[in-house]
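Each of the next two complexes has chain A plus one more chain, namely chain B in the first and chain C in the second.
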Partner chain A sequence: MSATIVAQQAINGIVLGSLYVLVALGLTLIYGVLVQINFAHADFVTLGAFAAYFLMHLTGASYLASIGAALGVGALLGWAINLTIFAPLRHKGSELLPLIATIGVSTMMQNAMLAWFGPVPYAFETPYSQQVYRVAGTFFTLQSVIIIAVSGATIAALYAFMKFTFLGKALRAVAQDRETAALMGINPNHLIMLTIVISSALAGMAGAMLAPVLVLTPFAGTSVIVKAFAIVIIGGFGNVEGTILAGLLVGLIESFTTQFLDPGLIDIVVFGLLLAMLAFRPTGLVSERREENV
Partner chain B sequence: MRRQVGVWLLIGTMGLMASAAVSDAVAQEKTIKIGALFPLSGPGAYFGAQDKQGIELALEELNKVGVNGYKFTIQYEDSACSPLPASQAAKRLLDQYKPDVIIGEECSDATLAIMPIIAQAKTPMINAGSSSIKITDPGNPYTFRIMPDEVMQGVDIATQAYNKLNARTAVLLYENTNAGIGNAKVFKDTFEKLGGKIVADIGFGRDVNDFTSIATRIAGVGKVDVIPTYTLEGQGLKITQALAQAGVVKGGDGAAIQLGTIWLPFGFEQKAGKAALGYVRIVQFDPTDQRDAVKNFVAGFKAKFNAEPTHINAHAYDQIMLIADVVKRGAKDAQSIRDTLAATKDFKGVTGSVEFDKNNQNIKMDTIHYMETRPDLSWNALKWN
Partner chain C sequence: MSDVAVQAYRASPRRLAFLASALVIALLPLVLTGSYWQTNLTVCAINVLLALGLDFILGYAGQLNLGQSAFYGLGAYVSTLLVTRLGAPFWIAFAAGVAFAGLAGMILALFAVRLRGHYLAIASLGFAVIIHQILLNWISLTQGPLGIYGIAPPPALALPGLPEIDFRNPVALFYLVAGFALLTYFILDQLVRSPIGETLIAIREDDVSASSLGINAAAWKVFAFGVGAAVGGAAGCFYASFVGTLVPDAFFITESFTILSMVIVGGMGTLIGPAMGAILLTLLPELLRGIGDLRLVVYGAALTLVVLFMPGGLVQAARLVRDRLMRRTAP
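Moving on, here comes the complex of A and B:
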């Protein structure tokens, strides 16, 4: 086995892992603050992908502008759904109702997108996915470079927001203890809304980044969401650093399983790791108290 | 006198109403109920959407005058290209709609799952999308397939690759389903028997999105002449583009030729772009066919949907037209439709001819057309059959 092949599969794994991180970050954020799983996250990803596709193809906007638009569509949708569905259910005092509502939102969105966009796969081409660079026997597209750059910038921005801004600190306070944070003058409902908006915006942006890689149909997001859930668990429920590490790890596992074993075994290896983590290190790759994860 | 006239008018009106009711009842009896099991959701939903178009066009044409006094009605159920939802949809259709004949499914796994259910209900089913050999070998008396099975397609394409393309090495790429595994196996057996060598055998799940790693692996196995690929349209697009990016296939300035069968619809090349250059594949509907039936179908389809028909549209159209043909030959209920279907010898559809063997498999090979993608992404008919 040549070093070139190993290097190529490492590049492939990092690009794929970066995409997984983008999808999983939103899930992690919601889990960290609300201790809730958002089953509609995949559909926010899909809608972001379609928003980017139609902006590019109907208005001739650039791909980079379409990423921004997908982020905006995701944020807007998150705000609207929280305002009309999740928040009223949360105010009834049950944690189960919003969870079930995410399943309802997911089914509703999938069928709405099926009705609007049809079932035939869309080919989302960007000018960058055709530009192939060949360096020392390896190859990568400009699209791959953009994926890594945007993922890196997003992770850095999120990290800086959480650690160094007042809102970020307030959000972490709500994650640690919602009632005490409220006594300190922080409105938890505003912070929960902010969490959902950021998470949905990240999902929308992930959709725009994934669209040239994914088979773009109304069910596109569901094909990556199961892996994203696995990444959140492997990383340590709600832990941002753990999610980044786990996302890249899963991307690399996929590449090297394809090369050295068989692509049909990818899920067995990834979910085998997930079970091993649950059995031997249930706190995830990066262990912290959940309250300090976000 | 006026009262008597009123009474007679009332009796007359009632008579007319009764006669209309009887006539309605007769008309209701003279209906052939078609149940349609197609994927309307999930990754195979593009099949269902295109099947519906072909069906609607056929029914519109047939129901203008009817056939032997019969009109045709249809009810769709979403079988989702998957065994469990397909079984549930089949039971729902049989229990509630009680069709005289069923058409569908597209995916082999789903078709295999519903076959025992429709056989138990003694309702015939016409299939035009599933290639697994198990569907008609051994099959059952109620399942008919109008397209070539995986053996007919696989033996032919492997032989053509060896003889016409001088291919001696191949990489198999296929989804891990009955149809994917079966098609790949037939190619492998035939190709190796002829003297060819399989240098990599790669199966993958339907949830794989990024094929760059698979393309990398193929780029590292050495000289590859052909890459037979068995997957649905969405993954097919990504595979072709990844192979081009890795410099493996002609579309990426490599030497290998991708081979495909009927899984990909018309228009695939336009979506895949330059990466599809040199792709050789079997299509089961040739829109340039000069037969009147084909020309009329293409014109009718364009007029109704403002689009070019795909082989999926054409298959669905043929399924309905075959039902009309058996009704024309005297069939009127599930059992007689089954028996008349089995006796079909020379039905001329827009995809080709139909004649069933003892296992209800169409034995005609004129449904196989080889096309190669030109640099302008149009088709070059290879005329190998």
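Moving on, here comes the complex of A and C:
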């Protein structure tokens, strides 16, 4: 094991991890304001990937434009799922019903995509995968530079939005205490809608960037989403900093497990870590006050 | 009316319902002949077992378990490997598969003791992912994605005074699985109406209050997971000997979602609901075969619509219909 291999796998892990962060941040944001899990989040990733694929291959649009389109598709899906599932079920006060309803939506979306796109994997090629740079013995493609730049900028923008803008502060206020926030003149319905739209847009955009790495089939999102679930738990549900850390960590685990152990062991290592976290430190890497589930 | 029926009628409507169910099970393969229907009937019986097992954990003890596919897979693989690798007799392997699944459930329950709601949901989902990956990657034991082929059905049963029952006959196998499902239903029905059931429901409603009344909530959660997982394991043992082939993807996490759907569509927290939900959701895709690829889209839509408009499932629907009829007949 040489230092170059370690550096190379660290780069690969961070590229992959930053995409997992985008997917997991969406889950964790929704959990933060709504205390709900969206199982169809996986299929927003998949549909984002397909949207980008078809835009690029049918209209010849650039890759960056197709990432933007995937973001738009994700946002639209988020708006739709809030309107049809989360908003009507919010007042029933059950943690189970929205979970099951989104499992239903996920089944629907996967099989609709299967009917339209077929089971054969699509080869998502971008012009940037061929351009390889070499620095100090390690390789990286322009594609991975784009992934790091776009996801890094998005995560930074989201973080700044949450921390410094009025809307972001209002959003955190709703997450902390919906009733009190409403008394302060914040409309929680609008902010919950905004959160779900932002989260889903992140999923769609992550789909466009994951597609060249994944085997792009209608079920591609599932493998991503189970890791994203592990990430939100390892990072601490509803915790943005923890999710970013845990996402990069899972990306690194994946690349190093592939290099030094066996690719088949990735999920076992990740979920072993998850169960160990839950057994010994259930509040996540970065602890918060949220303890009602533990 | 024969003596048996008279006695049953005098005993209670509940016993009569069991007798009627047994009769329906006995008659079904005679009415629905042909291998297509007999296959579907056995799948229904296996799914009823799976739904009952999950419902005991979710509907009665209130534990959000997304790992039922793992217990199903463990039951199937442990019993099959004991037969194919060690040459164990089928029923010993069956008992071991059930016990192993139950034990796995009790281990997962150790997390349920510390976690609630969505945390438990993700932990159990993670557990199911790990079991699926182990089945997929421990190739020297499970043959991984290649699968195990040619699994024998249960050995022929020779009861004194009766002709030998050969389980290579699909009707006999259906009777075996459906009979076991009915027996499980009967035992669980006794259990949930006993003080044990009331204890579990107390924990489901509020485990802090239950603890303050001297209930050992942790121990009862372990018990509920053990029983529910063991029932799932039994379904797995029957699945292996019924299908004759085992591949890990039969126990992917989406199977957990399917089982969960059966419980919800039927009406969790009752036994009849999940049993009916399992039958309905097994047959629904078959009945929708005419619309081809879109049938699972309809299935997903049905699940979503049930949650949105009839969250109590079939049981709630039946109560609504009954109340409306009662009101109409009342003066």
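To be clear about the criterion, the second predicted complex is superposed on the first by the 285 of 294 C-alpha atoms of A that agree within 3 Å, B and C clash if a C-alpha of one lies under 4 Å from a C-alpha of the other, contacts with A are read in each partner's own complex, and residues count from 1 in each chain.
Convention: contacts are C-beta pairs under 8 Å (C-beta built on N, C-alpha and C of every residue); 3 or more make two chains touch, one makes a residue touch a chain.
Just so we're clear, the structure is a prediction, and the values are computed from it rather than from any experiment.
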Chain A as common anchor, with chain B and chain C clashing or fitting: clash
Partner chain in contact with A:Phe229 - chain B first, chain C second, else both or neither: second
Chain B versus chain C as contact partner of A:Leu278, first or second or both or neither: second
First (chain B), second (chain C), both or neither touched by A:Val213: first
Which of chain B and chain C A:Ser62 touches, first, second, both or neither: neither
Partner chain in contact with A:Leu114 - chain B first, chain C second, else both or neither: both
Which of chain B and chain C A:Leu89 touches, first, second, both or neither: second
Chain B versus chain C as contact partner of A:Asn12, first or second or both or neither: first
Touched partner set for A:Gly264, first chain B, second chain C, both or neither: both
Colliding region between chain C and chain B, picked from 1-9, 91-99 or 289-297 after the shared-chain fit: 91-99
Residues of chain A that lie at the interface with chain B and also at the interface with chain C: 110-111, 114, 226, 262, 264, 267
Touching residues (chain side chain A, partner chain B) in the complex: 1-2, 5, 8-9, 12-13, 15-16, 19, 110-111, 114, 118-121, 123, 125, 129-130, 132, 134, 139, 141, 210, 213-217, 219, 223-224, 226, 254-255, 258-259, 262-264, 266-267
Residues of chain C touching chain A in the complex: 64, 110-111, 114-119, 121-123, 125-127, 129-130, 133-134, 136-137, 253-254, 257, 260-261, 264, 292-297, 299-308, 311
Interface residues, chain A side, partner chain C - complex: 31, 35, 37, 39, 84-85, 88-89, 92, 94-101, 103-112, 114-115, 222, 226, 229-230, 232-233, 237, 262, 264-265, 267-268, 271-272, 274-275, 278-279, 282, 292-294
Of all residues in chain B, those that touch chain A in their complex: 40-43, 45-46, 48-50, 176, 202-205, 207-210, 212-214, 216-217, 219-220, 233-235, 237-238, 241, 245-247, 252, 271-274
